[in-house]
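First the structure, in the form of structure tokens, and then the observations on it.
Which chain is which? They are A, B, C and D, in the order written, and residues in each are numbered from 1.
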Amino acid sequence: MIIILKPKTERKVIDELIVKIKDTGVQVHESKGENYYVLGLVGDTSRLTPEQFEGYDCVERSMRVQHPFKLASKLFHPEDTVINIEGVKIGGGNAAIIAGPCSIESEEQLLTIAKSVKESGANILRGGAYKPRSSPYSFQGMEIEGLKLLKKAKELTGLLTITEAICLDSIEHVAEYTDLIQIGARNMQNFALLKKAGKLNKPVVLKRGLSATMEEWLMAAEYIMSEGNSQVILCERGIRTFETYTRNTLDISAVPMIKEISHLPIIVDPSHAAGKWSMVEPLSKAAMAVGADGIMVEVHHQPENALSDGAQSLKPEKFKKLMENLAKMGL
Amino acid sequence: MIIILKPKTERKVIDELIVKIKDTGVQVHESKGENYYVLGLVGDTSRLTPEQFEGYDCVERSMRVQHPFKLASKLFHPEDTVINIEGVKIGGGNAAIIAGPCSIESEEQLLTIAKSVKESGANILRGGAYKPRSSPYSFQGMEIEGLKLLKKAKELTGLLTITEAICLDSIEHVAEYTDLIQIGARNMQNFALLKKAGKLNKPVVLKRGLSATMEEWLMAAEYIMSEGNSQVILCERGIRTFETYTRNTLDISAVPMIKEISHLPIIVDPSHAAGKWSMVEPLSKAAMAVGADGIMVEVHHQPENALSDGAQSLKPEKFKKLMENLAKMGL
Amino acid sequence: MIIILKPKTERKVIDELIVKIKDTGVQVHESKGENYYVLGLVGDTSRLTPEQFEGYDCVERSMRVQHPFKLASKLFHPEDTVINIEGVKIGGGNAAIIAGPCSIESEEQLLTIAKSVKESGANILRGGAYKPRSSPYSFQGMEIEGLKLLKKAKELTGLLTITEAICLDSIEHVAEYTDLIQIGARNMQNFALLKKAGKLNKPVVLKRGLSATMEEWLMAAEYIMSEGNSQVILCERGIRTFETYTRNTLDISAVPMIKEISHLPIIVDPSHAAGKWSMVEPLSKAAMAVGADGIMVEVHHQPENALSDGAQSLKPEKFKKLMENLAKMGL
Amino acid sequence: MIIILKPKTERKVIDELIVKIKDTGVQVHESKGENYYVLGLVGDTSRLTPEQFEGYDCVERSMRVQHPFKLASKLFHPEDTVINIEGVKIGGGNAAIIAGPCSIESEEQLLTIAKSVKESGANILRGGAYKPRSSPYSFQGMEIEGLKLLKKAKELTGLLTITEAICLDSIEHVAEYTDLIQIGARNMQNFALLKKAGKLNKPVVLKRGLSATMEEWLMAAEYIMSEGNSQVILCERGIRTFETYTRNTLDISAVPMIKEISHLPIIVDPSHAAGKWSMVEPLSKAAMAVGADGIMVEVHHQPENALSDGAQSLKPEKFKKLMENLAKMGL
């Protein structure tokens, strides 16, 4: 960490600050510039924050040299993590193809879609049982009944299953019935939920928050990992920007950027990013071409009747076509 | 709600869509433009979302005419809500002056600060017992011990108290020990927590999410209100933008904008908005001048030793000066 | 265009407004909702803006139904535009591969890079002669001497050439010496420059502004086209967001979105988007996979000595590899 | 400037980099951390950019310690700049009250408004003669005829005058007819225009770009100042964010932040920030309370007939009321 002192800070004040810094267990290197005096902190600074030094009157600014995440960092874990769930591998060149409806609505709906996406080449079935809806007046999900249908769909098709856990109460049920746990964008900094996920022995798909920086996202992964669960898969699903023609802005650069600094697998959700089904195929191609470890796609056989997010759902035949086109590109 | 159809949609398709729309219980007005055909939905559209109609192939776009919130809307509740807590009123010209440390660190720390802010004119004491920290390696709060100290501080000073609830487990404890419950920015769309807060009989200060639109913020208030708790106070604390010189961007316009569309009180947190103590006084003046129903200010007697957010904490004497200066301006 | 009136507006006031609207030459459809009264404007509304009606006390909000651009719109020009420059086609499945240094620094530098990118498969040479630098103390470009070097490079390699015009003074020189004119992100709403570009008979590559919506971008294209020059190529180069790990956020969704609403070719500049050379190859693959009509890539044989933007420049051998890898994917 | 090297960089490579850095005329301090090697550059680094060092393979990141602006910096010019135009002072506690129509539409319109705002206490008259409109189909301004009307209004009322210059062609006319030159948000990085403004002997009001950081804004001021014109007044007019209920987001924190790092006066334009007349009074109060050196307000006697931006224009009687209310608060 680097601490920049205000111009003309007295030596006495600098010395007092250095004593305080050393009390935290790190060493201090001093460097005098033309107008600014700079302190470099050497040692394990992961417990320190730049903000805590900015409380001193003599400090102008403070900034990190090293990323604040450790378990998620490529620096200390250079090989890509590969997660293996009953033989399905994710990461290190192995792609997760997650497909299914936004919400589970009925047995017939889920099984119809499950069979279809299985045939087209998906290896994981998604389907929301608990729905975090921005309006209290919208459909909130089938809850435990939905989880049971996911289990049934797995028995029928052999697909792995994933669904979102939205609170401390539901996450244990999710872990009981499905193969992967999803933490949604709105809960990316629900630290109580992250800690709980870290104590469960199930892979976690961690969606990026709507306005989360990549650093915050990796720190959220760090929360899960620091509790003992290292099976974290990141999922880019679009960030919030000023643009309104698309629902969110897919940050495709996050894939190669994350791969430079972290060993965790990263997949892309083109459906939520765009909010429009017509853009799901091109964005899926972009995701696989840029090097993502998979995609998560909403598929619905009757999107116009979907209880949520019909606008962004592919029909099964369009999903089939997408899978064929990805294969043609060698993706 | 308005639905814009794609150019050259066939009459048959339009008729089918109209039947589906009417099934939701609303009426449909048709309007033919030069290139576009527009449907207007009349009736209670609060259960509908524009996205659900965008699942139809023939729909180009859909948008709301009426705001999706009802209980929080000024349209149905024109008078400003005034919340009265043991004689302290908030809203309708009555200001909440909330002050105290970011985190509760010790009895001595909390009581020292409590006495001081009481003398300067605060009417509510803040102090974090559960801290939502972006790093798992940072101080996480004194938890239940902190709540007990808040109660003690109230007995000593007569100040009302507020602290943040960060999960389903802690919110009941918070409600038991303090006078107001704070829902933090990172939990603004933690719907399970919002619903629980809606079932408690305590005023809730609902902070705006880092990238929440005002509409989403009012919908989060609606979640609380729809469970029966109408005592919601909104708190603007800065939004996330591209600017890096300040920690967040205080959206001061949110105050007059919210007052045009909602009856709920709205206060401002200048400390988190700027992230720098030197900007707390000017931003507090701006907040009161623009018409806010109060401010929430971090005060610490030893900011350089604070376990969190020292950089943005005012020293007690600076808080005193701020209160005097607000009084001079008649704010 | 739709105009939403405030609840309880008097009939007399509505009638007066309708008279004013009809004076602009459009027809008015009325529609009464439960709480709101809505006016639909029918006819050519491209000269009207929603804002102009919001000046009326009785108007709550106003919004467009039809996109405000006409010449750039797919609605009135359904076939993709293909631009043909001396046999090199751009658009409709034909890709522009634009490569070269950020700034032209010397004859040796430009010719070395030109020969190399030509061999690797580029068809257009880029090189900045006039540099819009955010600091007045940075290198500002070789200006007219740079333009002459571009001409020389074309004679030598047969590559088409492009460079940025930054003001009314320089644009005519640019048009004289090069085959395409680039309008940079910072000048996307320099309307005087756009109009001038519209009067020249040269294709224009119009970069998206740092915070320009797609609508504003297409309106900037409309400025050029409305002066008579229909040869406009859009270039997505990253937008400004809160993320700091990458210089800008490449809005890859802009490619399929623009293709849905406009007939103009659209290319991608991965170099400026990421600001890091290591991300140029994955982002180029993503761009071609998503359906872009080309890429614009910075190439420099000695990036560490580059007078601008060395960090984002590919070395010639890396550019060669990129071109080979794109070919393998059939892109 | 600080340069952070990649972990495990060889000594030989570090030494080569240090030689290159010293060639630019600055000194280098070395500092070895636990995982990272850090170089500190000492001397005049204003001609250097962090990006230029990121072209080296061994460099992980580079960042500034000192702000890149010099002439605009408080570090080298601690006293507030006060600009005096014919006795009207701006800065250092003296407020500019700029009022008038968005566009000049006719003699009668301009003179009516000018007289009225003069009576209410404005000291500078604004009025657009050249309008940068996002649509080529919108009203583009009265141009030279408008400038003549501004001159006439000054003769009649004694008010100083200001109008926007939008290109190299018009800026000299603007300088000839008016007392201050405005550079609009869309031209904040039109460097050719900034340089030209720097050569004129007229105060310049420099609006912040829609997505300009404060650093870029001050660098734009630096462009003007580096050409010899130190009379620059900054104008905050709202930035672009994800929020859509207001047209832009007024960054009120920019006022105290700029005052900490620069000596230039800064004013606020509440009209463009909000885009709604009803919010102009509260935002004006906030601006003056936060410490701005003035406000720029759109006033129109018939906003519903205004050829541009009627929605955000105050009627003369509302502007009068605003001035009275500011006086009551001692602002």
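Simple rule for what comes next: a residue touches a chain if its C-beta (ideal position, glycine included) is under 8 Å from a C-beta of that chain, and two chains touch if they have at least 3 such contacts.
If you want to know which protein each chain is, UniProt gives these names: A, B, C, D = 3-deoxy-D-arabinoheptulosonate-7-phosphate synthase.
Given the structure is predicted, the values throughout are model-derived calculations rather than measurements.
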item	value
Selected pair, greater C-beta contact count between A-C and A-D	A-C
Far-end chain from chain D, centres as C-alpha averages	A
Computed distance of Cα centres, chain D from chain C, in Å	25
Euclidean distance of C-alpha centroids - chain A vs chain D, Å	38
Distance from the mean Cα position of chain C to that of chain A, given in whole angstrom	31
Residues within chain C bordering two or more other chains	211, 240-242, 244
Residue ranges of chain A in contact with chain C within the complex	211, 213-215, 239, 241-246, 249-253, 255-257, 260-261, 273-274, 278-279, 282-283, 285-291, 328-331
Residues of chain A defined as touching chain D within the complex	2, 4, 7, 29, 31-36, 38, 40-44, 63, 65-66, 75, 211, 240-242, 244
Residues on chain B engaged by chain A in the complex (per definition of touch)	20, 46-47, 49, 51-57, 68, 132-138, 166-170, 186-187, 189-193, 195, 210-211, 216, 219-220, 222-223, 226-227, 240, 275-277, 300, 303-306, 308-313
